[in-house]
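Following this line, the structures themselves.
Here chain A shows up in two complexes: once beside chain B, once beside chain C.
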Partner chain A sequence: MENILTAKGLTKAYPKFTLGELDFEIPKGFSTALIGANGAGKTTLIDVLCGVIHKTAGDVTYFGTEKDIDREEVREQIGYCASQGFFPAAWKPKDIAISMELAYKGFDRELFNKLCEEMEVDNEFSRKPVNMLKQSDGNRMRLALAAVFARKTDMLILDEPGSSLDPLMRDRLCDRLRDYLDEGNGEKSILFSTHNIADMENAADYAIFMDKGKMIERGFVEDLKDKYIIVRGEPADYDKAKALMLSHNVNRTTFEGLALAENARAFEELSAVRERPTLQQLSVGLLKHAEENR
Partner chain B sequence: MQNSDVPIYKQIAAQFKEDIMNGKIAEGEYLPSIRGLARDLKISVITTMKAYEQLAEEGLVSAVQGKGYIVNPQDREMVREQHLRLLEGHLQNAIESAKLAGVSREELINMINVLYDV
Partner chain C sequence: MSLFKSFRVMAGTIKQYVILFATAVGVTAALGIVRMLAPKEIVVGFIDGFVPFFATISVTVSCMIGSMGVFNANNPLAVGYKYYHSLPNAYELFRKALIFSDIFAIALLVLYSAVVVALFGWMQVFFALGAGAFCIGLLNFFGHGRSPFAKMMPFVVAGGFAGGFATGISEENGFELTPLFIKIILPVAAVICVSGIAFAVLRAKKAWEREG
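Coming up: the complex of A and B.
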């Protein structure tokens, strides 16, 4: 399996927060989800990878050979979308189109207008288009996504693209992400962050879990679903089961938790129900485990 | 996504297996591209990939470098044999459960008769 991005010893140090150091790869031809609670360092990591802020130490290699994110050719290939504050408040769709056209050779203005229409926001040709200030958060995100999808890129790096969208639009975003991968036929890759993976489970192939600036787990989603199990059982067995679970909770009728699949036999003896986790259940279990073991 | 007893990749593999067995997808044909199928089914690429890998493991298809997955010539007799083995295993389980629950041989056969027509 080839990688689109490799990081070695990556660190970003702030007075009160340190990201890293991180060693990881982003697989080529897939969609990778960066999952973590607020404050885990997702945005910091994305900003470092996209050259918005500079790393303190470490190495990042893009597209196999490129090391310098400040090179125009590298930036041209990466479609970066921040989670907010994309465009100045007074800008209208036309200003966005003009500036994007100036900034990126691969920006397709016609496609941008078409994408705006598809995402049901004003484009250049709308009658009396509103400026950014008057847009809702969701509409700002739609415009920013239209702008980034209208570019010719080899990798998308999107910071919380789904958070401000309504469920229907989030579903359409997932469709578009899968379209992007399909068009790329194994050559295009995606990295997106989220603190809520539930609605985007089926748009994630690889997952990286973060807590307090560190990576706590990563892997292909199907492999992770084989590695862990969700267990459920009688409250009476909770004390026995507790030691084998990474994170758990109990109430009057049942206990539930996340465990390693290699311990499945032990739960069988407690006649606990075992399930293959969803990515959402994995996220909750792993993040909770990390939080309790800081 | 709700949990279901059977993981999605297994459901997809089973559907393709059926289509290959009954000739709906002929030998020498290519399966849909991994990313194209993921798009059409609204599932992740890795899930489709895992389904295809399972089909390849079972010998139903082969990966062709750069071209995708091609349907292998099927030895129908061997496939039937495989199914019979599986069937035997399932019946064994059913009989065990029946004994545990105190279901008699006649009752069990009766249950099969009823279920067979569903």
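Coming up: the complex of A and C.
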């Protein structure tokens, strides 16, 4: 399998938080979800990968051969979008269009305006467009996404693109991400971060889970769903079951938890129900396990 | 990429800067016309006193807004920081935009002074020119700093100190281009302006790569 991005020993150190050391790959031609709670280091990792902040140590290889994120050709190929307040507060859509058209060779101004219309936000031809400061969080994100999708890129790196969007727009975003991959025919890739995978589950082929600056699990979503099971049973069996579960909770009527599929047989004896987890259940279970074992 | 295009990447449309400057010039011109058409003592006195103050504040400030915006692109607390730092050739764009915004500011100041002197003979605007050059220099000396107070200082100097000073000397005996002003004050202001710009450009790389 080819990788679009490979990191070795990647570290970013702050006085009170350290990201890394991280060794990981992002597979080419797929959409990778970077999942973690607030403060896990997702934004820091994305900002380091896109050159917004400098790494403390380690190497990152882009597109198989490129090592320097500051090279113009590398930045042209990556479509980056931050989670909040990406464009300056005083800017209107026309400012975005002017700036992006000058800064990026692959920016299509006409497509940008068309995408703004599709996403139901002002474009540069709208009557009395408002500046970014006066836009809602959702509209700011839509404008930023329109700008990113209007560029010719080989990889999208998006920081929490769904967090400020309404459910319908999130669903459309997932479709658009799928279209991006389909257009690339295996040559384009996506990395997006989220702290709530439930609404973007069908946009993820590969998942990386993070906790406190470290990666705690990763793999193709289907493989992870085969690796783990969700277990449900009677409260009376909870004490026996919890030793086999990575994370668990119990109430008056039932217990539920995440366990390794290799332990499935042990749960048979407890008459517990075993299910294939959703990505959301995997996220909660793995992150909870990481939190309890810090 | 050219200096002008680099500035446009950082600033988007420059219409707002032109409008701000044009408004300042327009008001000054309007006052000049009123002075010519209604030469009553009270009107003349008010305009002669108000113009230096207005010119010093409004023109100087409107000239510096562009440079302030470019410096702000490198402020991690400012919205847009991640956009600017993710651009291809981001540092080069920043450096060129800085140079352009300062040249643009000086050009606007000189243009304003030349027009006002030619049309109305108001020598007080040379005070605005000197104050403006001094403030541009100050802004460039402090622009890379993280302290918002330090960055606001040129505007405080322009608005508070220089504007008030200009009004004061204008009220006394009118304003004359004395040898002191021509040989010392204006050249000193010019040196501070040029050295401030040079300092800002030479420090640009270090400032751009600094985080937090």
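Everything below uses one rule, namely that the second predicted complex is superposed on the first by the 294 of 294 C-alpha atoms of A that agree within 3 Å, B and C clash if a C-alpha of one lies under 4 Å from a C-alpha of the other, contacts with A are read in each partner's own complex, and residues count from 1 in each chain.
We take it that a contact is a pair of C-beta atoms (placed from the backbone, for glycine too) under 8 Å apart; a residue touches a chain by one contact, two chains touch by 3 or more.
Owing to the predicted nature of the structure, the values given are computational and were not obtained by experimental measurement.
Novice: Look at where chain B and chain C land on chain A after superposing the complexes, then choose clash or fit.
Specialist: Taken together on chain A, chain C would fit alongside chain B, as the superposition shows.
Novice: Once the shared chain is lined up, is A:E275 touching chain B (first), chain C (second), both, or neither of them?
Specialist: First partner only, chain B.
Novice: Looking at the overlay, does A:S31 come into contact with chain B only (first), chain C only (second), both, or neither?
Specialist: Touch status of A:S31: first partner only.
Novice: How wide is the angle at chain A between chain B and chain C, using CA centres, rounded to the nearest 10°?
Specialist: So the C-alpha centres give an angle of 150 degrees.
Novice: Regarding the shared-chain residue A:R75, is it in contact with chain B (first), chain C (second), both, or neither?
Specialist: second
Novice: What is the contact status of A:D47 with respect to chain B (first) and chain C (second): first, second, both, or neither?
Specialist: In the superposition, A:D47 contacts chain C only.
Novice: Thinking of the overlay built on chain A, is A:A103 touched by chain B (first), by chain C (second), by both, or by neither?
Specialist: A:A103: touches chain C, not chain B.
Novice: Could you look at A:A89 and tell me whether it touches chain B, chain C, both or neither (first, second, both, neither)?
Specialist: second
Novice: Just chain B (first), just chain C (second), both, or neither: which does A:C174 touch?
Specialist: Touch status of A:C174: first partner only.
Novice: Just chain B (first), just chain C (second), both, or neither: which does A:N185 touch?
Specialist: Touch partner of A:N185: chain B, not chain C.
Novice: After superposing the two complexes, find the smallest distance in angstrom between C-alpha atoms of chain B and C-alpha atoms of chain C.
Specialist: 29
Novice: Which residues of chain A touch chain C in their complex?
Specialist: Touch residues, chain A against chain C: 47, 50-54, 72, 75-76, 80, 82, 85-92, 94-96, 98-99, 102-104, 132-133.
Novice: Which chain B residues qualify as touching chain A in the complex?
Specialist: Residues of chain B touching chain A: 1-3, 7, 9, 33, 35-36, 38-39, 42-47, 49-50.
Novice: Considering the complex alone, what residue numbers of chain A touch chain B?
Specialist: 29-31, 174-175, 178-179, 181-182, 184-186, 201-206, 220-222, 225, 230, 275-280
Novice: Which positions of chain C touch chain A when the two form their complex?
Specialist: Spelled out, the residues of chain C in touch with chain A are 1, 5, 8-13, 16, 73, 78-80, 82-83, 85-89, 93, 209, 211.
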